[in-house]
Amino acid sequence: MNGINGAPLLRTTGLSKSFGAVTVLEDAGVELRAGEIHAFLGENGAGKSTLAKLIAGIYRPSAGQIERNGRPVTIHNPREATELGIALIPQEPRTFPDLSAAENIFVGRLPMRSGLVDWKSLYGRAEELLHELGVALDPRQPARSLSVADRQMLELAGALSLNAEILLLDETTASLTPGEVSRLEVILRRLSAAGKSIVFIGHRMEEIFSLCDRATILRDGKIVGERMISETSPEDLLRLMVGREIGEKVVRGSVPTGKPLLEVKGLSQPPLFHDISFSIRRGEIVGLAGLVGAGRTEIACALFGLSQPTAGTILVDGKPAEIRSPRDAMGYGMALAPEDRQKQGAFLPISLWENASLSSLPRLSRRGWLKDSVSRTLTTEWVKRLSVRCREIEQPLHELSGGNQQKVVLAKWLETQPKILLLDEPTRGIDVHAKTEVHRLICELADAGMATLLISSDLPEILALSDRILVLRSGRIVREFDRSEATPEAVIAAAGVSTGLPDKPRSMVA
Amino acid sequence: MISSRIRRLWNAYAPEIVVTILLILAFVISGWREPRFLDAAYLFDRSTLYTEIGLLTLSMTLIIVAGHIDLSVTSIIAFVGAIIATLYSRYGIPFWLLIPLAPVFGGFLGAVNGYFVARRNLPSLVVTLATMALYRGMAQILLGDSSLMTPPDYTGIERVTLPHTYLHTPLVIWITLCLVFAALLHRTVFGRYITVTGVNPEAALYSGVPVAQTLIRLFTLSGAMAGVCSVLLLSRLGVARYDHARGWELDVITAVVLGGTSIFGGRGTIYGSVVAFLLITIVQTGMGVAGVKAEIQVTAIGLLLLLAVLLSRLTTGRK
Amino acid sequence: MKKLRFFLMAFGASLTLLAGCKPDTPPASPTATSATPPTTATEAGTTTATTSAPAGKVRVVYIPKNTGNPYFDGVVKGFEQASKEIDIDFSTTAPAQPDPTAQISFIKDEIQRGANVICITPNSVDALNSVFDDARAKGVKILTVNADLTGNESHRDGAILPTDFDKLGANQIELIGSLMKYTGKFAILSATADAPDQNFWIKGMKEALKDPKYAKMELVGIVYGDDKDQKSVTEAEGLLTKYPDLKGILAPTSVGVAAVAKVVESRKVADKVIVTGLGTPNTMRRYLKDGIIPAVALWSPPEMGYIAAYASFGMSKGDVKMTPDASFKTGKMGSRIVGKNGVVIAGPPLVFTKDNVDKYDF
Amino acid sequence: MINKLFQRREAPLLIILAALVTIVCLLQPRFLSPGNLQSVLLWLPLLIIVALGEMAVILTRGIDVSVGSILGLSGMMTAMALRDYPELNIYVAALLATGIGAFLGAINGGLIAGAGTPPIVATLATLGIYRGLTFVVSSGKQVDDYQLPRNLARWSIDGPFGLSIPPYVVWIALIVAAAMHLFLTYSRTGRDWYAIGGEPDGASDRGVPVRLQTFCAYVLSGAGAGLAGLLYASRFGTVNPASIGNGFELLAIAAVVIGGTSIFGGSGTIAGVLLGCLLLGVINVALAVLNIAETWQSAVYGAVILMALLTDDAARRRLMKGARHK
């Protein structure tokens, strides 16, 4: 096996990927070495996952080259990647619920003996692998009964069973408990010592500093630096990732005062979140910060009537609001731009204007009859106002880039003329230009009196836009910052990161 | 410029175009091979036999566009017919009072399907498979194997035509409802909600579309349509029986799918379903008057369905 | 594109309406042939007429319950035999499934194809009324074969019944009685609970049982196999379970009697339970020869078809009136007298045993 | 141990079945008489064999509504072969029936896995086509009992070792079920079906030949229906083009779904399917034995399927809750 300074197992040169008009990764060159744990760092949408997926054959590059052991290779699909000893472990493992743990490891290449599945050898090999990984888990158990962490172990074991030399862990730790994370760290260190090359994609600084050897930092689809972990500091990495002065582009007006428009008192929905209380004034942007899994999205869903909290009250304009469905929430002037745009926000095969007008149909109709010409006119206006890049409004949504899709989803909600806007990761996965435009829009709306709850993993975004920031940890609000007192360090600390809090050493999503 | 427009039209409406062409072909071939086919009186008269299937095709289109299926409609026809005939002949309730009640009964039975599908999140295929047996069975419990007569004053609706035309009353009802359903699917909020629910139910929920309510209404509508069909069938045949309309659900689904509605939901037009239904009717009539054996007719409809699906798949490369 | 879609709809609808408009004066084109009796269509000299029956030939069509039913193949044989002797143009067609409404489209098609007489074994006694009325309004004669429209006789012109239904019940009871030595429990497996002729026969059987001759026989139950293989078998097995001391099963239906024979064979109770009823020789041949069942009865379907063909010919020519006490000649079968309600009886039932079954093929 | 039993998916089904049998026995003690048990047993083989094939298809997230027509066409062709070539060995005939079924299933598989037609559409089309062909090949004439070999009928009458209960057909069904169990457990194809139904994209990424294995599921479904066609001839003697296998698809799907196989694919057991078939069989025979008017049968079917769905749904929810709390 090659040492840290040996020839790279894999090298990419000039790797680029674009979806339609949007380039999500440009000219990326990295080297993956044996025995090294290599972190890909960056904000959401910086291109780190894209890079990993290109290497793992999930995406095919628009340009550039991948060399494996010095030979150029073309990887058409994940199967070819595994044949080249490359495996990707996704955040949410793809398990086959009714197959046993052992089969999940070996699916597609079960050991056979005279044409039959050799269960003895299957279980034996699985047991061996799991033992090697230090996982105490019955290989006979059906996968449906396993935790996420255990199922990730199955993916990892599957990769190892293929003698994968390059393991890409895409935000694998995001949904794990601290105990599970430390178990994983031990395993990864052991694998690295055995000569595997590991790519670790994550956000938590202390994981990166305790685990990784080297870091490649991406920003806005480009590689902006490479550091040996031993020679750098979290601050240095953060600066590289963020890359710009916080709040440089948008200017918020004076902090609004006045009576709260939305008040939340003691909202609880165990085990997701507990005793959540806050308020938003007219024209105010309140940021909700916290780690993935801290309960941010769940709170937004509960406010919007998608789930029913077990305790607590919601007041709109000082009056208690009964919210049992999104319909009810919309009746109180709320709108929610959801986290997962493709699954929850967009209707890809139908036209732009049908998407944009959907949530306002009660208003864009008369006695149930559609007023499509009005819808089209209004959509045309939104397309102009939000600078949606499209050929025409009859175009199906799937022909648009992610950022433009997001703008259409926002247009759908703005069309409802909401008073309270719940934005869940409004700029995830969209390009820089579109991002700035969305930021400007959010400020404009706030200036016009919109009460906004901004959920974001993008720290600069939240710092730049929010008048106040609530920090959520494990389903509870642990701190509230005013605009003036909010610094990246303070927010990160409150979310439970680098100060080394012993109980839950989780890092802020940068 | 023009060719790109045609290209786009083709991409958007390939199945509709395919069945339209097939319909014209079927008409031309039938007329050419069998002169007795070209007889308006006969064509319209025979078409009344398929009125109920034509009506169900309309509501089934909405159901399938919403990403669901309703196998129970034909059983609802029998069950509602059984209820009405029983109320009339055993309890002496006047028939004119029962006519408007038929869609109400049917709607209720459909709403039961809707409840299981929308509120209990059970797959509609299995739910309606079960209620198909259940409703048919309840009709059988009510009537056993006997027929109940409907009052003579109310029978023979298919023999009443619009003045100076060959348009029989059931056809007039069907044509009217074609327009109503086309408007419903393509021109109303309800129709839009149906479409987006078929495209992406989760996003529909997040967009404030009352998904469960839409589905319950939709299944209720489907049941109510079956109730309407039940009255027409009673009037046409003059008797209620538990085994009426058995097996028609397959013809209905065939027509809908032939008309280009995606079986996975989210895409479909009333126009396509109407043309596909006419195509099936014409093909069956053409073969019938040419004396083609029943079994060949069954085979031909199956082949037609395959042909249409494969044609529009091959030419657009749609996944 | 939405506009276009709507336009197409409207276009289609208006086309339909246009096509549906009836011309004010009846045109002398083929499009009007169905409005006038097909016999006059020949005079019009149109293509329609030339493709239908040649002048002078009577076009007769027979529509059995469904295709693939061997019993009706026998009837068809009779028709075909008669068509060699008299000047009729005979054809047969049927739906794939014996659903009550499935025959309607076939009747309409045959009217359009220019049939003069439609012979039919109806799947329903009442659901076909309106289409029969239509046909008769257009001058087509309707003759039911093998079964009558009990209670709706006014909707057809005549009926050819295979045997005297009034006597059949008693006949069957005598058959099973003689085989059971006139003692013991027995049950009936019928077709559907609503089948009019079945019910009529069962009534006749109950009536016959009042005869002191049958005093030691007890009818313990009537079950219905719907003329379906699986259902008939299950019901027959249910009988054996419910009545362990059952001595006989009478199944006056050909599907049913075969199913019962199958059941007593597989349960190995052929020596204890006497099975008989109505069945075709072909279906029952093996059971008779294997001694599973002693005998079955049936009339001759070809004979019925033969008589129906002659009746059709006569009716169409106007020589035969299906009124009581009228009579007509039927080739080698001699002459038949029309009974009440326009019913003609074909002949007495035959009894098949292992000794004579090979003489018949239907 | 008992606890473990109750955690199984089949547990609610077993309870329903036990309760049903108890009630029926209280009302009609002769329900458990050997003769009647044979009735129940004889009711099963056709359904089991067809349902097992249907299960394979449903495991892959598909559906095959053409099984009734495949049963018909294959049964018809085999019966005609036996009639026209009396010297034909019936074991060869069994192979022939299975082969014809497999071929017809392969057409389905080709349309679905090859041409990408949605399963419901493809098999809906072949449902009509195969039924029509059944009439065409037979010219609409049925094959009569006396035209079929004696020993074929004996399959439904006698059992091995001189015992008549259970007869050969039941053994055949049980052997097929056991073989299917082994196939699902020990063949790569069988395991891949679970993988495909559980997570189609994931399976494809992991190197499972999704299209090939999907194709195989339809071939197997066809083969099962084909074999059932011959058993139909054995059981009922006469093979009629209109009635053979007509409507069987709904029965098979019902048995599979009642047996706890998820309609969304990836999950299901042979034991469950067997129990599903048994439940339907017991209901059917019970109705005949209990003097319950045959008119109740269909309604009872529907109600039982709905009940099975609801209990399955409840069980699924409980299971998911349990997993979350873990």
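By letter and in written order, the chains are A, B, C and D; residue numbering begins at 1 in each of them.
Simple rule for what comes next: contacts are C-beta pairs under 8 Å (C-beta built on N, C-alpha and C of every residue); 3 or more make two chains touch, one makes a residue touch a chain.
Everything numeric here is computed off the predicted structure, so don't read it as measured data.
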Shared touch partners for chain A + chain C come out as B, D
Trace the shortest sequence of touching chains from chain B to chain C and report its length in steps. 1
From the C-alpha centres, identify the chain that is farthest from chain C. A
Between chain pairs B-D and A-D, which one is joined by a greater number of C-beta pairs in contact? B-D
Could you please state the distance in Å, as a whole number, between where the Cα atoms of chain B are centred and where those of chain D are centred? 30
Based only on mean CA positions, could you tell me how far chain A sits from chain B in angstrom? 45
Between chain C and chain D, what distance separates the C-alpha centroids? Give it in angstrom. 34
Going by residue number, chain A touches two or more other chains at none
Can you tell me which residues of chain B touch two or more of the remaining chains? 144-145, 187, 293-295, 298
Using the touch definition from the top, which residues of chain C touch two or more other chains? 1-2, 67, 96-97, 193, 224
Contacting chain pairs, sorted by label, are A-B, A-D, B-C, B-D, C-D
Applying the document's contact rule, which stretches of chain B touch chain A when the two form their complex? 187-193, 195-196, 199-200, 202-210, 266-267
For chain C, which residues count as touching chain B in their complex? 1-2, 4-6, 8-10, 12-13, 16-17, 19-22, 24, 30-35, 47-48, 51-52, 67, 91, 93-97, 99-101, 104-106, 108-109, 112-114, 124-127, 129-130, 134, 192-195, 224
Can you list the chain B residues touching chain C in their complex? 9, 12-13, 16, 35-36, 38-42, 44-46, 49, 144-147, 149, 155-156, 158-159, 161-162, 164-167, 171, 175, 178-179, 182, 186-187, 236-239, 241, 243-244, 246-247, 269-271, 274-275, 284-285, 288-289, 291, 293-295, 298
Residue numbers on chain C that touch chain D, as the complex places them: 66-70, 73, 96-98, 193, 221, 223-224, 226, 228-231, 233-235, 237-238, 240-242, 244, 258-259, 262, 265-269, 282-283, 285-287, 289
Which of the residues in chain A come into contact with chain B in the complex? 306, 325-327, 329-330, 336, 338, 343-350, 354, 358-359, 361-362, 365, 368-370, 412, 416
